Structure formats: C-alpha cells, structure tokens
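Think of it as A, B, C, D and E in the order they're written, each chain with its own count starting at 1.
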Amino acid sequence: MTEPLLDVRNLDLVLSHRSGDLPILQDISFQIMPGETYGLVGESGSGKSVTSLAIMGLLKKPLKVSGGQVVFQGQDLLKLRPRRMRDLRGDRVAMIFQEPMTALNPLSTVGRQIAEMYVLHQGKSWREARRLAVHALDSVKVPNPERRVGNYPHQMSGGLRQRVMIAMALACDPDLLIADEPTTALDVTVQAEVLRLIKELCAARGTAVLFISHDLGVIASICQRVGVMYAGCLVEENDTVALFSNPRHAYTRGLMGALPRLGSRLTHGRQRLVDIDSVIADRSVLTETRFIMPRGAANGESA
Amino acid sequence: MKLGFNILLGGGLTALVIIGGLLAPWLAPFDPVLDANLMNSQLPPDSTFWFGTDSQGRDVYSRILYGAQISLTVGIVSQIINTLIGVALGISAGYWGGWWDDLVNGLTNVMLAIPSLIFALAVMAVLGPGLVSLLIALGLTNWSWTCRIARSSTLSLKSQGYVQAAQTLGYGDIRIMMTQILPNIMGPILVMATLGMGAAVLAEAALSFLGLGIQPPYPSWGSMLTDARELIRLAPWAAIFPGLAIFLSVLGFNLLGDGLRDSLDPHMRTRKT
Amino acid sequence: MLQFTIRRILQVIPTLLVVALLIFVIFSVVPGSFAASLFSDGRTTANPEMIAQLNRELGLDLPLPQRFLNYVMDLAHLDLGTSFRTRQPVLQLINDRMWASLQLAVAAMVFAVVIGVPLGFIAAMRPGSILDSVTMIGAVSGLSMPQFWLGLLLMYVFALQLGWLPSFGYGNGSLRNLILPAITLGVTPLALLARTTRAGVLDVMNADFIRTAHAKGMSESKVVRWHVARNALVLVVTTVGLQFGSMIGQAVVIEKLFAWPGIGSLLVDSVAIRDIPVVQGTILVIVLWFLLINTAVDLIYAAIDPRIKQR
Amino acid sequence: MTGTPLLQIDDLHVRFPIAGGGLLGTGRRLLHAVNGLSLTLEKGECLSIVGESGCGKSTTALTVMGLQEPSSGSVSFRGAPFSGPGAPDRMQRAKAAQIVFQDPYASLNPRQTVHASLAAPLRLHGIRSASEIADRIETMLVNVGLTADQARRYPHEFSGGQRQRIGIARALILEPEIVVLDEPVSALDVSIRAQIINLLLDLQEKYGLSYLMISHDLSVVEHMSDRVAVMFFGQIVEEGSWQHIFANPVHPYTRRLIAEIPDPDVAIRARDPAAGFTDVPLPQGRSFAMDGSNTPDVFTAPMPSELVEIDPGHRVRLSLRD
Amino acid sequence: EEPRHGGTLNFTAPYGSNFATLDIHSSPSIQEMFISQAIHRTLYSWDATANKPVLELATSVDISDDGLVYTYHLLPDAVFHNGDPLTADDVIFSYKRIADPANAFPGARRISTIKGGAEFIAGETDEIEGLKKIDDKTLEITFTTPAEPGFALMENNMAIYPAGVDVATQATDPVGLGPFVFKEHIPGSQVVVEKFEDYYDDDKPYLDRVNIILMAEGSARDVAFRNQEVDVSILGSTQYQSYQEDPALKDNLLEVAEVFTRNIGFSPEYEPFQDKRVRQAINHAINSPLIIERLLKDKAYPAVGWLPMSLSAFDADRKPYEYDPEKAKALLAEAGYEDGFEFEVTATPDESWGVPIVEAILPMLNEVGITVRPKPIESAALGETVSSGDFQAFIWSNQTGPDALSVLRCFYSKTAQSSCNYTAFSNPEFDALFEAAEAELDPEKQTDLLRQANNLLQDEAPVWFFNYNKAVMAYQPWVHGLVPNANELALQPYDEIWIDDSAPESRL
C-alpha cells in the first residue's frame, strides 16, 4: 500500500487560557492518500476549520496544538522550522477559504495576488509571474483572462472570485489542497460549477484534497472518503458510499435524517425530520464511541 | 466584561474629578471666591495652602476642587446637548432617509467643515463670555460626529430583523427609534460623549486662553491656567496644578472612552459567534 | 476619475454657501460693532457722530437682507470684501497670512506623520508589548494636554532654559522659528495618527486576506509590505486629511501664543475688533481649505482603493 | 380557484435608485429588483418562492410586509388593498401578516428580554392586563418549544435555534393569518434546521397559517411547500404545485436549479440528474424568454414575456408571441 | 557718553498681533503708531521730558492776540523719503485727507478744532477755511478756541504725507518725513525700517535699522526678552515683579506714570449709586493700595482723583480716599444701605483693569455688606455697552491726559453719555468751573480752575478711583536714549535711541 500523503495522528488541540486549557480537538487521526479527496463534515463549531489550520500551521494565539503529529510526505509539520513550513505552504499544501470576498485583498488586483505565488515559490519575475497568472486564470475557466487579471476582487462575482482563489491555490501544483467550505457562500448553480472545477483540476493534477463542508450533499458529490466530526472528535470515518448507505454512528444517522432529501416526498410522502438532539441524548457516550472504517472495508467494523 | 486597564485608570481619574467636584464644599478648606486675602497672594504650597495660593491670595487647592464642578458641568452639559442634537438628528435622518436625511447630512457636513474651536469662538462672541454661553457654544459645536455615528448605526440597524419586525408589529416610527434603535446605538454614542467631555474641557481651556472662556468668579481650570500663565516663574504652582487637573481629567475621560470602546467592541462581535 | 474629481469639487460649493450664510447670520447678531470697538481701549473717547459716520461708510447702516445680498454678490465675484480696519481687500490680507499658515500646517503634519505613523505601525506589530502600551498611553496623553500649556512648556524649556530655538514669531520664515509651534500643533495629530495607524494595522492584520497571504507561504515582512501597508494606508490617509484640513482652524491658539502670523491669529484679532468682513473671509477660507483637503483625500482614497470609484 | 385569495400580488415592480453617475453624482440609475411579479396565496397553504441570490425574493417579502414601497403594482389582502393608497395602517396590517427573518442573531433586539419583545406588541394592540399578557406569552413560548421562565432572559442567552423559535413566537403572538418566512432555516445548523422545519409545519397545522416562504434550499422547499414559484431576476419563471415543480419541471432554469443541488442520494447513485426530466411540448410558436444560463442586466427592464398555463395551476414564463 | 551710530534695534509692538495698515491716517489704534513713529512726522510732537507738546515741523510759530491764529514757519530742510521737500501744501493736503468725510478717519475730529473743520467734516464745504498757505514754507491755521493746538496736532495719526504721492500707496509703501524709511512688512510678523539719510535732524538717527516686531502675548515677550531676542519689552505686572527680583534685569527698567486712570464707573440710573455717600463708601471700602501692591505688583500708582499726577492740574496736596471699612459702613448706613446691596460690574478680561480686579474687590466689598458680581464682556463690546448706558457699573482704564481740559470735558454735563461722560455726570458746580477754565486764556489760571474741578470730582466720586497706570519697559543694557513717555511708554523716539557695542553680534 502506498504511503499516505498526509497522516494526522492523534491530534489534540486546546484553547489555552489563564485558567487552564480548554480542549478543542481530541485525538483526531485520519489519512489522505495522494490524489484522494477526503471530506470532513460536521456541524458548526465541531472543529473542522481548526483542524485545517493546524495542518497549515496557521493557528493563532489562544489556540495551540497540545499533542499528536501531522505527517506530510514523511515529515512532521508540527516540528518543522517556521521557515521550512513557510516554503511548504502554498507550494506543497495550498488552501482556499470560505468567503472569497474577504479572503482576497480588496486593494490588489487578482492578477497580482496570483502572481505572488510564482514570485514567492518559483522565484519568477513579476512580469513573468503576471503572464503565468493569466494562464492560471485561464485554467480555472475564467473568461477573458487577459482582461480579468487587472480586475480587483470587487469587480468579480462570488463564483469568479472563488475561481481566482482556486487558481491561486493551484498555481504551484501543490500535492494537497485544503478547501474549507469553498462553496458555502455560493449559489447552487455556481456551487455546482466550482465543485466540478475542483474535481476536474485536482484529478488532472493528481492533487489530493481535504474538503471541509457541513453540507452532506456537497461532500457526497466530491469526496471518496469522509470523516464526520462532532464536538472536536472524529466520530465516524468511511468510504463515501458506505457512509451514506450505512451510517453507523448515532450522530451520523441523525445528521442524515435531519435533512429533507430531494425527491423523498415524491416517493415516500412527507416524513417528519429527525431531531438530532433526541437521537443523541447522551453526548458523552457519543464522543466515546467511534466508527472508523479502514479503507476498502466498506462494511467491516472496528472500534 | 473584563475591566481593562484603560477603564480602571480612566474611571479612577474620572471618579476623582466627580468626587472632588461633588464634595468640594466639604473637602475644600477655603471658599474659592470669597476667601481671598491679598496678603496671602502667591504663597507656595504649605500645610495651610496645599497647592499654594494664586495672585489673588486664594487657595489653589480649593479652587481646583470647585473647578472640578465647573469642568464636570462643562463636560456633561455640553455633551448632553451634543448628544441630544446628534442622536435626534442622526437617528431620524438614518431612519427616515429622503430629503430629511439629505438636509441633516448637509448640515453635518457644514458643521464638520467649520473647525469646532472657530465655531465655538463665533458662538461665544455672539453670546458673550460666561458659563452658560460656553455650555451652549460647546453644546452646539460637536454634535456632528455623534450625528454621523448615530446615523450610520441607525442605517445598519434599520435593516436588522428586530427593527423591521417592530415595524410589522405595528410600532410607530418614534417608538421604534426610541425602543429599538436608541438603546442599541448607545454604546458608541456613550463613547463619543465620554471622549467629547474631555474635548469640552480642553476647549474651555483654549477659549479661556483666547479670552472667551468662563469668567471669574467661577474657578474654571481653564481660566485659572490662563490667569496663571504669566506667573509660571513667580508662582508656578498656580499654573501647574490647574494644568495638571485639566490634563488628568481629560486623560481620565479619554481613557474611559477608549476603554468603553474596547469593551463594547468585542461585545458587539459576539453576534457573529 | 476626471468626472469623479469634478463632481467632488463641485460638491464643495453648496456647503461653502451654507457656511457663508451661517457665518453671516452669526456675525450680524454679534454684540459690539467695529466702530464702537475703536474706543474700547479707553484711549479714544467715544464720539457718536464719528461712529455713525463710520457705520455709514462701512455700509453697516443698510438693512440686513440688503447686506447679505451685497455680500453674496461680491462672493460670486470672488470678492471677500474690504476690511473695516485696514481698508484693504480681505483677500489680500488672507493672502498675506496664508503662506505662514500653510508652512505651520505642513510642518506640523510632517512632524506628526513622520513620527506618528511609524510609531503606530511598530505598536501594532507587537500588540500588548511594553512599547505598544507606552506608545498608546503617550498618545492619549498627547490628546489630553491643553495645547497652549504644552506650547508654554516647550517655549520655556527649549527657548529659555536651553536656548536652542527662538521662542516666538515668524522670523523671516526661518525653519528655526517654525519648530516649536509646529511641534505644539503637531502633537494632537501625531497622537491621533499613532492611534489610527495602530488600529488600522491591527484591523488589517486580522483580516481574512492576511490569513490567505500566510497560507500562500509569505514571510511576515512580505505580508506587511505587500498587503498590510497599503491597506492600513487608507485609514491613515483619512486621518491625515481630516487633521490637515482642520489644522488651520486648530492653530488659532498656537498662532496667538507663538505670535505666528497665520490666518488663525488674523481671525481672532478680527473677531476681537469686529472686523466682520475679515472674520467672514477667514472662516470661509479655513472652511474652503478643509473642504478641498477632504476632496483631495477622497481622490487619493479613490486612487488607493479601487472600490470607491464605483460609487 | 375559489373566491378571492387571501393574499394577491399583482404585477409588482420594485426598483431601487442607485446613487452615483452624472457630473454631480445626482444622476440615478434604477436597479430592477422585482419586475411584474404576480402571485396569490390561499388560506392555509405554504407557497414558496425559490431562486438564486439577488433575484428579488427578499424584496418581494418586504413589499408584502409593507417594509418596502412598491414602484408599481399592488398587493391586496382579502381583496382589499394592502399597499399603496387605501392600505391599512401598521396596526391593522400587523394582525394580517408577520414575518420571520433569516438571521436569528439580528432579528431580536439585544437590549430587550424575550418577555419585553413579546409583551410590547400585545400592549400596543390593546391588551392591558399584565396577567393576560403573561398568559399569552407563556402559551406562545410553550408552543414554539421554549419554557415560560425563559421569558426573562436576553437574546444573547439563547442559541441560534432558540432565537429562531423566539422570532417565530413573536411573529405569531398577534395571531396573524399570513406568516412570511424569509429563509427561516438557512442560517441554522443542520441539526437545528430539522427542529425548526418540524416546528413550522406543526404550527401551520395547529393555527391554520398561510406561509409565504422564501428559500434557495430546494430540498427544504420540496419538504414544506404546497405550491412553488421559481424566481429569476425579478420575475416568476415557473409556478405550480410542488409536484409540478419537482416531478416535472419545465423551465430550463428550474431544471438547472434542481439538477445542481448536491444531494447525497443522487451523488451516490451516480445518476445523471438531468436525465430524469421529460420534455414537455411548449405551446405553438412560444419559447422560453430566458433560460438562466445568462445573467440579464439588472438596470434595464427585461424583455416582455408572459406566464402561460401549461397544466392546471402550472405556469411557465414564455416570450410574447410575435 | 557719546551716542554710537549704527546697529539694529529689535523693538516690540505689544498691543496686537498684526499691523492693520501702514496708512496711519486711517488707523485708530496705538499699534500702528509704532511704525508711524519711525516713518512719519507731525506738526507738533510730544516732549516726554517737558511733558508738553512742542513744535516739530516748524522752526517757529506766531500766535495772534486772541490766541486763534497760528502762523507756522515750516522746517526749511525737511524732505520726504521720496525727495520732495516739505511745503505748506503737504500739511493742507494731509489735514484735508484726514478730515475728508468720505474717509471717516479717526483723526477727523481733531481737525474740527480748526476753523471750518467741522463744516468740512460734515461735507458742507470743499475747503477748510482755517487752513491757509502763505507761501511754500509758511502756513496759517485759524483755530476755533484758544486752547493749545499741539495736543491735537501731535497725534501720530495726524502725520504729514507728501501731497505729490498717490495716497493709495501709503497703506503698503508709506512715504513720510520721519528718520526711517519703510523697508518691508511681513504681515503678522514685523515691519522693518532703515535709516533715512536725508532726515532733517542732521545727526540722527543713530540706528541703521529698526525691526518693529509684533508680540502681543506677554509671556512670549518675556521669553524673547530674556533670550535677548528683542531689545525692549513692555512688562505686565507679574513680569514687573519677577524682573525686579532678578538682579540681571532690575536695573534696566524704565517706569513712568502713564496718563491713564483705572476706575469703576457707577451708573447714575442704578439707585444706590445715586447717593454720593454710597459712592464714597465704596471708595473707602476698597483697599486700593493693597490691590496695587499685591495684585498689580506695584505696577500702578494709587489714584487720588481723576487726573493723573503728571498733569499740572493735579493737586499734589490731595490725599486719596482712605481705606476705612468702618467709615464705609457708616456712610452706607447713613445712606440707608446698612444691609448692603448688590451690583454688577461689566468687565473685560484685562488683568489690570478687568475681571481680576473685580475679583479682588469682591471680598472687600463683601466685608461692608455689598455683593459684587463681575459681568464678563469682550473688549470689543465694552465701549458700546458703556456708552449706551447699559450697565450698573463698569471697570475701565481711560486716558486722562495729556490735555486736562479735554479730559475734564468728559464730566461736563453737556457732554453726552455716548460721547465720554460715561457716568452721565451732571453737577452745576463742576460745570461752572469747567466753563470758566475753557474760556480762560491764561494758562496758570486755567490750570487752577481745572485743579478745582478735579478736586470736586474726587469728592463727588462718580467712580471708584483705582489707580494710575505705571508703565514699565524693560530694555537691554546696551540700549540708550529711551524716554519716559507718559502718554504711552511704548512710543519711543527711535531717532534718539542708540545701542552701544555690548550688544549681541546680530544687533551691531
């Protein structure tokens, strides 16, 4: 079996405070294979974003990693020197964020912001970098890339901005792309286009993706493997098809039953939605039981 | 709410001014006006006259205590006037919009364009020197910022669910402004008013210097300082203590205002979760 | 951009007109007249005929609406009237003083910007550090000081005790004369600039796009140079503009204290002797200055921030 | 249809003046947010308006609530004008229609206790007795799944879901006939969403409420609605019963909207979503005015077109014949 | 010591922060006189040592027996800065300009002492009847009264301009007869004048250059003086005290009793003041010497009556009102005010005759049961308020010299309150004395009558007699030739001033 590209091992993360540390993530472990698209779902505050930030080494002050390893291509990112980590960031591991309006500098043209990647990581001149930025825009199917490089973010629609973010993230052909709810702020039709784009580009380049979303539908349509997070823990992990056809954890089941499914009223009539709170009355039990399925073992069981 | 350093220090200084002013009749060993014995003029600080005496032979310490009353009055009353004008205009302009908004906006721009000291100077020239004139002058001078803040806050609140809900529930406009909008913009307004109090005390000093401040026998710090500026060599205490009083009280108001702003800000951010 | 510029400049006119009306009204009800102020020094004895004659001469016997009409007509011809006192065109008097005012304002602003902005920047880079606290407490203190008190203090220390600088006056416009008044005047904007710079930089540092920049693998210094500086500049420019615009008005006290021959002292003196045309003229010029600076700031703003032009 | 509908929107236009332009900045451009929208809402039904961001859904809702003046067109309630001249005043209007907003955090006054938020409208509408007010508040809170003692608390002491419940309680406290729901669940977490949807359905049944719901989440719309109107750039492009829309969408935009919803079932079955739709022949010589693949200019009025009934109660927007 | 030629004098103009105009005819204020003092000359000038006006631009004058017609023989070698010689035409031209009703110049009313002047000012005639050119260097002036004309014609704003120069330029580029030529004016900052080589007084001026520097703010002047940036400085009372205490400075102070009387005028309309005993009581109740000593740091002389000490009509034997609260109380009781009363004093912020003084008398009057409140007012509004009678009392400083006759005219009952009879004083006895003095041709007898009138005034106490100003000027040790000008100490004869070589480099 090939080495995993990213191996998160027993990651613990706390909110450090004068009066003691507050656990935010507990014992998170998962692996992403090269070229694989791995999804993290969970409701708001379950710890999806901090997991991604921990991998990127971008955690800010009160948050800090208190244990575990993040092994990327054989090296533990948590032990890497800041300089090395910086070189890795953007080059080998890239990231796109939820809100493309605020994630782009409003006072800088998108072309320049893409070009920065080439200057930073490939030592290109600004001229050359700008030329490459046009290509990058073209590759994410932005119409009229020569004209668009000179645009400022506010001159673009949400979908276009997210494409710019993708172009920027993929500029240096990273091995891993972390996408933190990249489509949540977008309309359905735009979301579909952006998802298609991520899928196509990453498949073509063999880029692995850590895809974070709270939308089961999105996760199902893009990921090969899914981890479900709840209250800072990874409660269930399985291949996508297996997870959706046979959710094992009470929380996962609740999550799926809580959503109206398109077409289900036509076939089954209106059914009352599941109230997760009543499904998982005892939360402590919930975090202690986990269902982590090894790869390929679609219906096997493990603790 | 965590009390920051700013609030503690600012609040402490402000409290000192308030206590000094309120308790002046009991704390002050002398009458600030009548206990003037020219034989005692320009005495250095000693056990009788803690801060020395001025050229009229009056106790500087007592005058500073009574001066706190004046400064507080100037600060508070002028800011009440400012805030009332600014808030009334700002909220109504933001809420109603239309020609009224244009009018208020225009007026605000005009007021902003005239430097406040110069406007106060003009008003003082019309009303003549004195406490009441000063209160009016400063009260009419600085409402434009308050108005702007009230207006922009109102604009953003106007589209908030609870304001719109109040409309659909049948609340009248005035009622909405009073119960839904006003309480929710009080934070920044209060900050403005606190900072404005400091500005008013400084403005009083500046106008005194230009000969248009509060006039004796009120022992205002500004006029004490102005009167004593010539004495800096002979009786430095007569100038240093009022100067210090102004500095510390304004510092208090400013720190308090900053502190309030700092502690209000994250409070508002919690809405975003 | 050109249209934007023209539009912003034209918007100044109505404000200016309202200001003119406001000042006119205020100073038509002001107690004391120029003629009467002439004998207030107790030197000359009052002479009713002379006063009446003078008022007639100055057109003060006309009804108020008539006077306002004349005033506006003159304004339309860019004529600010004639000084009661000097019998020279007000424009000329202002022109004589404008340069000194500008010198003072520019020097004070340069002082404030050169010290305030870097200070605020450094403080923001290390929030919570000793340097940050000291800078910010210093800034609040700077804002809490009565201006003329500070001026007096500087005067005594640098001019008298140390004898390094002249204490007062314009000299012949020499730099040495400029230093003390400029510093005194510059303290407030300096403090404000340090604060807004700090707040602006902190704000930008917390923006999402800075996280993006870090995620790109940028070093701290590049993040600051490429993304923080320019964005924080927007806030700084606004503060600089506002301060610069109101500086001539704020300089009144300092001009009096340091005997600096600027517009501010011209104004105060003219108020004192009720030389109304000069008062109106100087205030108008001060307001015009404010409005123009603000227009300029808006234009700079539009040049820095591409989002503005859209509106 | 029988008699006058509860609510009727007729040829509604809403245009926003956009400042700027011209030498003095006084030149105004008009943003066409709603362009000739007509709808009816029957007693006891849930009518949903779906469409993408910025298509004018909220504007329509605000206009119904009287929070936005229509540029032209009318809204009538039980046949009587509800907007424009002859419209009832706020007090009367309040008893006819209420609204629940999307953002539970912005929809409650942070400075008022829940009790104050709920008591004020009652008092305003003439209920003086404190005990009656308390009774009604308690009943209402229980109805929306809260407890009476929570009334003393301030909004920040509640979770998002609880706040939304309070928002619903406030909308219902005056016992209106129509409740406008502007994206009632889209700001809520998945787990809470279900609770609120259930609650809304329960309340509708209990009080015989009529819902005008606005949403861009088609699965929620399918779950809750009786009828659905699909909106695209200020116009209804397709309208019909929920079965019409979801089983047999006709307009290309509706189809696209449905096809592009990421749905776990669809994704897992790897089914080509568009394949499921069967084409319906359009009336002779008519074609779709727009198909949703291009974005019209919001500053110019759209091409003339009309809604054509292709099935009883199922209407689709087609370009005008000629 | 022999005067040294050359050098620069940094002179300070202490009364405002600008020079309004260089056209001295149009200036009503003392401020511009600092410049005209250097640039211009008037027919008469003030002899500060002899304390009287003397001829300046004429070698001699013939006076007719009725004392009305004066024939002046103008200086033969006086030339203007532009080279034009002084002629009778220049004088006539200047006086007509000053009196021209279209100009409304402040000096106009001085011309009204010339026959036909009043008619000219009223616009009734085109010529002033009393001004007659005999020949280029001879001028005949006919006056309306036999009073000394020098007092009126020595004022700086009665300067003689050259007739042949466009007067409009006088406002920016003045041309005169004075010892110094106008060089430059930096508005708001200073005026620079340089030695006029053809000045009629051959040996003078000594200085090459005078910088007349604007400095209104006392503390700034103080610093500048101590820094040796300026050569002279007019002192305020606190500075006076600290200069006296400073061994380095105390020897270079020039003091003079200026012809200004500080007083609180009582309104005749305010009931308590209608009783002479009340007015006297107030004079007794206030310890003026103490205020002068403590508050004014001795920078004043206690006032005896209205006329100041330097005038010959001043009665050296009279004593000032004694500080005697008991007597004050008794007087008040007599007048029916044993329980006291209240009054307001309209006062400007001035430190030596404004609100601070009212503050100082406040506890003293409180002592005898009178409550006094300062009513602050801006300087600009004081004159108007007082002359319109809108006050209970006012505190002011009035010029009371050098001409006793015109000073005392202000208490003549026919002088309107709006002119200068501010307390609307009306006393038949005083009127009789004044009228007699006015008609008296013999100076001795006239002085005697005026002295009696002044003493009567002291008795009647229409005002509280506070003090006569002591003007003090500090000068650097290298400055010589300053004179104690009782009219205005800051007005110095620049042509007589010289500096010795101990002056700093920049001044030499």
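A few notes on this one:
Throughout what follows, a contact is a pair of C-beta atoms (placed from the backbone, for glycine too) under 8 Å apart; a residue touches a chain by one contact, two chains touch by 3 or more.
Each chain and its UniProt protein: A = ABC transporter ATP-binding protein; B = ABC transporter permease; C = Glutathione transport system permease protein GsiC; D = Glutathione import ATP-binding protein GsiA.
Bear in mind that the values here come from a model prediction, so they are computed numbers and not experimental data.
Fewest steps needed to get from chain B (ABC transporter permease) to chain D, stepping only to touching chains, is 1.
Any chain that touches chain C and also touches chain D is listed here: A, B. If you tally contacting C-beta pairs for each pair of chains, C-E comes out on top. One inter-chain figure worth recording: chain A and chain E are separated by 90 Å, centre to centre, where each centre is the mean of the chain's CA atoms. Note on chain placement: the centre of chain A and the centre of chain C lie 53 Å apart, centres being C-alpha means. Between chain B (ABC transporter permease) and chain E the centroid-to-centroid distance comes to 44 Å (mean Cα coordinates, whole Å). Rounded to whole angstrom, the centroid-to-centroid distance between chain A and chain D, based on C-alpha atoms, equals 33 Å.
Among the residues of chain B (ABC transporter permease), those touching two or more other chains are numbered 125, 128, 211, 229, 232. Shown for chain C are the residues in touch with two or more other chains, namely 31, 152, 156, 256-257, 268, 271-272, 310. Touching chain A in their complex are the following residues of chain D: 52-53, 189-191, 193-195, 197-198, 216, 218-220, 222-223, 242-243, 246-247, 256-258, 260-268, 292. Across the complex, chain C meets chain B (ABC transporter permease) through its residues 14-15, 18-19, 22-23, 26-27, 29-31, 140-141, 143-149, 152, 156, 246, 248-250, 252-253, 256-257, 267-268, 271-272, 279, 283, 286-287, 290-291.
On chain B (ABC transporter permease), the positions that touch chain D within their shared complex are 160-162, 164-172, 179-180, 183-184, 270-273. Chain E meets chain B (ABC transporter permease) in the complex at residues 218-219, 222, 236, 238-239, 241-242, 245, 287, 290-291, 293-295, 347, 349, 351, 355-356, 358-360, 362-363, 366, 373-374, 376-379, 381.
Residues 106-107, 109-110, 112-118, 121-123, 125-126, 128, 198, 202, 205-206, 209-211, 222, 225, 229, 232, 243, 246-248, 250-251, 254-255, 258 of chain B (ABC transporter permease) are the ones that touch chain C when the two sit in their complex.
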